[in-house]
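Letters A, B, C and D mark the chains in the order given here, with residues in each chain numbered from 1 onward.
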Amino acid sequence: MTTQQPLAVGLIGVGRMGSFHAETLAHRLPGVRLAALADPAPGAARSLGDRLGCATACTDIGELLADPRIDAVVIATPARTHAGLVEAAAGAGKAVYCEKPMAVTLAEADRAIASAAEAGVPLQVGFNRRYDAGFRAAHAKVAAGGIGTPQLLRSLTRDPQLADPARIAPWTIFLETLIHDFDVLRHLNPGAEPVEVFATADALVRPDFKDRGLLDTAVVTVRFDNGALATAEASFQAVYGYDVRAEVFGSAGMLTMGDVRRTHLTAYGPDGVAAESVTYDQHLFHDAYVAELADFADSVRTGRTPSVTGEDARAALSIALAAIRSVTTGGTVRVDELQDR
Amino acid sequence: MTTQQPLAVGLIGVGRMGSFHAETLAHRLPGVRLAALADPAPGAARSLGDRLGCATACTDIGELLADPRIDAVVIATPARTHAGLVEAAAGAGKAVYCEKPMAVTLAEADRAIASAAEAGVPLQVGFNRRYDAGFRAAHAKVAAGGIGTPQLLRSLTRDPQLADPARIAPWTIFLETLIHDFDVLRHLNPGAEPVEVFATADALVRPDFKDRGLLDTAVVTVRFDNGALATAEASFQAVYGYDVRAEVFGSAGMLTMGDVRRTHLTAYGPDGVAAESVTYDQHLFHDAYVAELADFADSVRTGRTPSVTGEDARAALSIALAAIRSVTTGGTVRVDELQDR
Amino acid sequence: MTTQQPLAVGLIGVGRMGSFHAETLAHRLPGVRLAALADPAPGAARSLGDRLGCATACTDIGELLADPRIDAVVIATPARTHAGLVEAAAGAGKAVYCEKPMAVTLAEADRAIASAAEAGVPLQVGFNRRYDAGFRAAHAKVAAGGIGTPQLLRSLTRDPQLADPARIAPWTIFLETLIHDFDVLRHLNPGAEPVEVFATADALVRPDFKDRGLLDTAVVTVRFDNGALATAEASFQAVYGYDVRAEVFGSAGMLTMGDVRRTHLTAYGPDGVAAESVTYDQHLFHDAYVAELADFADSVRTGRTPSVTGEDARAALSIALAAIRSVTTGGTVRVDELQDR
Amino acid sequence: MTTQQPLAVGLIGVGRMGSFHAETLAHRLPGVRLAALADPAPGAARSLGDRLGCATACTDIGELLADPRIDAVVIATPARTHAGLVEAAAGAGKAVYCEKPMAVTLAEADRAIASAAEAGVPLQVGFNRRYDAGFRAAHAKVAAGGIGTPQLLRSLTRDPQLADPARIAPWTIFLETLIHDFDVLRHLNPGAEPVEVFATADALVRPDFKDRGLLDTAVVTVRFDNGALATAEASFQAVYGYDVRAEVFGSAGMLTMGDVRRTHLTAYGPDGVAAESVTYDQHLFHDAYVAELADFADSVRTGRTPSVTGEDARAALSIALAAIRSVTTGGTVRVDELQDR
């Protein structure tokens, strides 16, 4: 591959997130082209390919990985397939961008990381919040010492509505939702690592699904090795919208991030002051989703280390697994004593 | 009067504003006592006196002014009586606090100012916004050079609802409402004076009263002698509340003031983000109304010049009269060519 | 006492908070008079009395309690003396307003509550946030079902600066600071009671005092019997000001409260957008501090139950004691298994 | 042209705005391709073409217009050349997108409009604010009656810094800057048209250039035929950033738009609360600039009337010309009596 040629990227998994990434690869990034689509669901890749003008579409992921014209892949399949696909893609010599969570066990994470290292390919993970303008500026300010030493942190995710609870796995809230917040906490506390985790969770949105193990509401406390105390909080149903916020308080100041308001329009009427809220992650994080793939493409082209690594994915996973164990045992869990379930 | 004795203050006019001031004199100011109430309306002063524990109440204002035990008076009667009462009170040797507008003609204003000067009594005017914490901080910052030279200013007043339009005089919006904004513009552009005024006004809230001369909506442009261009804007009916804001933009920065939100509570629901609004001036300016009387009492006690003078009242009146003439003639009006109508 | 006579209130403890309450009793409340001051520190009560025009001042609290002309007392002494003074005051037949915390052990709290009940006197506790306009509106909205069932709550207190750490007791952050937040969490989750508590705390502001047991930073998780999960968070030093906020998220909406901005003034300059912050509790809660004493006076006059009761104080104390035990043991603590340390 | 083929767009004028539009045409719009670039400056088109992968670049605009492979053109040259280029492009049968102002005299505007009509090609004008999410939502709400009848409007533009004043023409502030605000006022007062204009302007940023006719600060009042009173305000130098805001107040509510804050990050430190501001129009309006070209492409493809027409450009120009005459004469100017200077 020369820099003259556009980077040829294959997209695996054409669900909601995969489709957005496919559009980004097809239209939004100079120097990048959507080279192929793969999804096991019959017709899904083909249909999206038609819409986006991508001629190569298949149901066999292996076929995509075997295509020598493809430089890099974006993995946007269901969470439990991620790590295996990272291994396969790295094994095929492709640069790899993998949606979060990169893995759901530490062993898987270790294998995924090792596979990329052995193949000498870049591996980037989809912690998109790091690419949001506000979160990015916050990280830069913290890293530059702008708030002194972080002491208290908070990150939260509240999804606008709970989809069919029957399709949610018991630990989804930790492995797929709070995994973002765990990464945000690490990112806003640069250089520090989690020591101890306490978590509590419940089925408050859909108590009728509690006996199936569904947890839709959770609060997690994390103690970091620099002393900072952090909380992460999630709910699967916020009637007012998609609510993602964070806060980092330090010895020399505080930063807050996140705003559920959709635009800068404010309306004043007989009932007071009002603004519309964001209800869709692809509105809130549109630019961040594009920026993370642009950054991935840049790391592939330049050969530099990706900005969000497999190690970052593993570290966030560690907190998630510790939280899950804490819910199970009712006590605190030390991250360094963690072993796979 | 010694500093040992509380300052004895008489209140003239027990309407909405007068009643609030009476409560302030009775309860909210250390070192001050409400000594007497006068209002021509039979029983009105007596009734308020009973409620506030003030034994002296009368319908004859002259009786109050003649009372040698009274140190100072607060005038809160209808606007057109203000200047005459200032003269009478000053003539009786009382320190005078007068609600805005202090006068409705320049001749009246001059006589009122002269009467206080001759009597050697303090004369303060009720431009309460100067005492609001936000406006006060803004003035201090501008006066300290914090935004450089003011270049563009804006002040607005929107009342929450139009009372019976049949009771409103044609020029009320300039003489009684925008008079506040004209003072704010001068206060936020310290040291500068208005040169030229252009105004336009209409009956948009109640067009059916336009043929009686009612004007309920107005926009005024003022050019100051330091070059600054200012707008003042008023409406007699804002369905969302009592809206008072200002903005001063200068060569080195900008300040904005005013917030219609009632508290720091924000509500998020299926319709988005919401907050309640202020609908009552005595909520928005409660503290400012108390602070202006406290400041008046202090100037009486210490003998210093009041913070808001008769000259300030006259200067704001000049802008109002120029605006009225501008509406009448359709052209710009130079303030220095202004003569009473 | 008849309603004709002002309520005679004695103030015990003339420190920072006591002095403010004394001013309120002396000047800010119609129908109330500051009848006496007592403080063991020689000259302290006398000096404040001179300033406020209160002739009766003593160093012997018993003398104040024995004065038959006094209807009610406000207790604003150091925390550990509160419960005993409540007992003594109730025993002397006085209506009692006690600053938080009303007690520092459950046994003390029970005795204080019992003493007021036996004496048939009102007992109100100083959880001032309930009287802040924003918190009050939030409680009303939650109580009216405006956000459905509370599911996630947060309350935080960050003091602007850490005074001499040598003067702070080990558990101060829980017993005197977070006690406010524990009450806020209960107040914003009306009808629910805490079940289980997990707390973590550290000396991050002044690590050099950690070996003396000082804790200056804490995070507490509380699970309520309606399933709601809550966090309370405190720091003894926020360089940017006095930061008090809360949030309650429910099945039908969310409310946020608290704003560190001092006024509605916003400044725009070469460095961006700026606002001043509040650095002093008596600025932020001025009106709430007055309102709570007005409400106390009203409950004394009318004989109704106070709005914030000894039972409320005990409930908040329970959470504090559970948090302390959780820090000690490293595990979760059930509130119903709590016994005094 | 079929819908299968991408729309071939030629870009004329590769300055700051033209370069951004060229990038949009090259990379940001599915179904659109940047087919050619033209700019009289030697090498400018070629250099941008190399960067964007556009092979056709020339210095002769006529050459581009003569190219039969080009479906549409985007005109981003200096203002005074716009109308002539619209005529030429329409004459060549191209669909035309023209940056604002489309014309600087009414005669020019009429000819430009007529030329597009005669050629039967779409003509869209670059009032980008209509495509900003907040302004768009505001227009929709007003058009749906959400604030009743508009009564008071405001729109302002403050550029972050004054470039070399020697290069600015005397009426630039009206013809190139406030032209946006005049369009916003019309757009937020749908169906109404301007009746009368009063304007005042000065050289406050660079008084040393006043004798050359430079005006860098202006305030304009516009009365509309539905009675609404509007102000537009501009400054060429706001030290705090690029400030674009608007407000529309009506009989049933008010809307405000615009926020100079760059992101949702807020910083709290010893000096208070702070946020960064936007200093660059291509940050503030990035999405709007893309959306307007997407909308243009859509109107070309579908044959529908563009959303922002030549008539819209002429109407905004009328206000600008009336404002210029008002500054010249010192009086109000009726729009319907306007003739070209």
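Please note the rule applied: a contact is a pair of C-beta atoms (placed from the backbone, for glycine too) under 8 Å apart; a residue touches a chain by one contact, two chains touch by 3 or more.
The chain lineup, named per UniProt: A, B, C, D = Dehydrogenase.
What you see is a predicted model; the values in this text were computed from it and never measured.
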Request  = Starting from the Cα centroid of chain D (Dehydrogenase), hunt down the chain whose centroid lies farthest away.
outcome  = C
Ask   = Looking at C-D, B-D or A-C, which pair matches A-B on over half of its contact pairs by residue number?
value = C-D
Note = Rounded to the nearest Å, the gap between Cα centres of chain A (Dehydrogenase) and chain D (Dehydrogenase) is 38
Query = Between chain C (Dehydrogenase) and chain D (Dehydrogenase), what is the gap in Å from one C-alpha centre to the other?
reply = 57
Task = Quick one: which residues in chain C (Dehydrogenase) touch 2 or more of the other chains?
result = 238-240, 243, 252-254, 262, 268-270, 276
Note = In the complex, the residues of chain D (Dehydrogenase) that touch chain B (Dehydrogenase) are 148-149, 151-152, 154, 158, 196, 198, 200-202, 204-205, 207, 217-219, 221, 223, 227-231, 233, 235, 237-240, 243, 249, 251-254, 330-332
Query = What does chain C (Dehydrogenase) use to touch chain B (Dehydrogenase) in their complex?
reply = 23, 26-30, 52-53, 133-135, 137-138, 141, 146-147, 252-259, 262-270, 276
Query = Taking the complex as given, what residues does chain C (Dehydrogenase) use to touch chain D (Dehydrogenase)?
reply = 238-241, 243, 260-262, 268-277
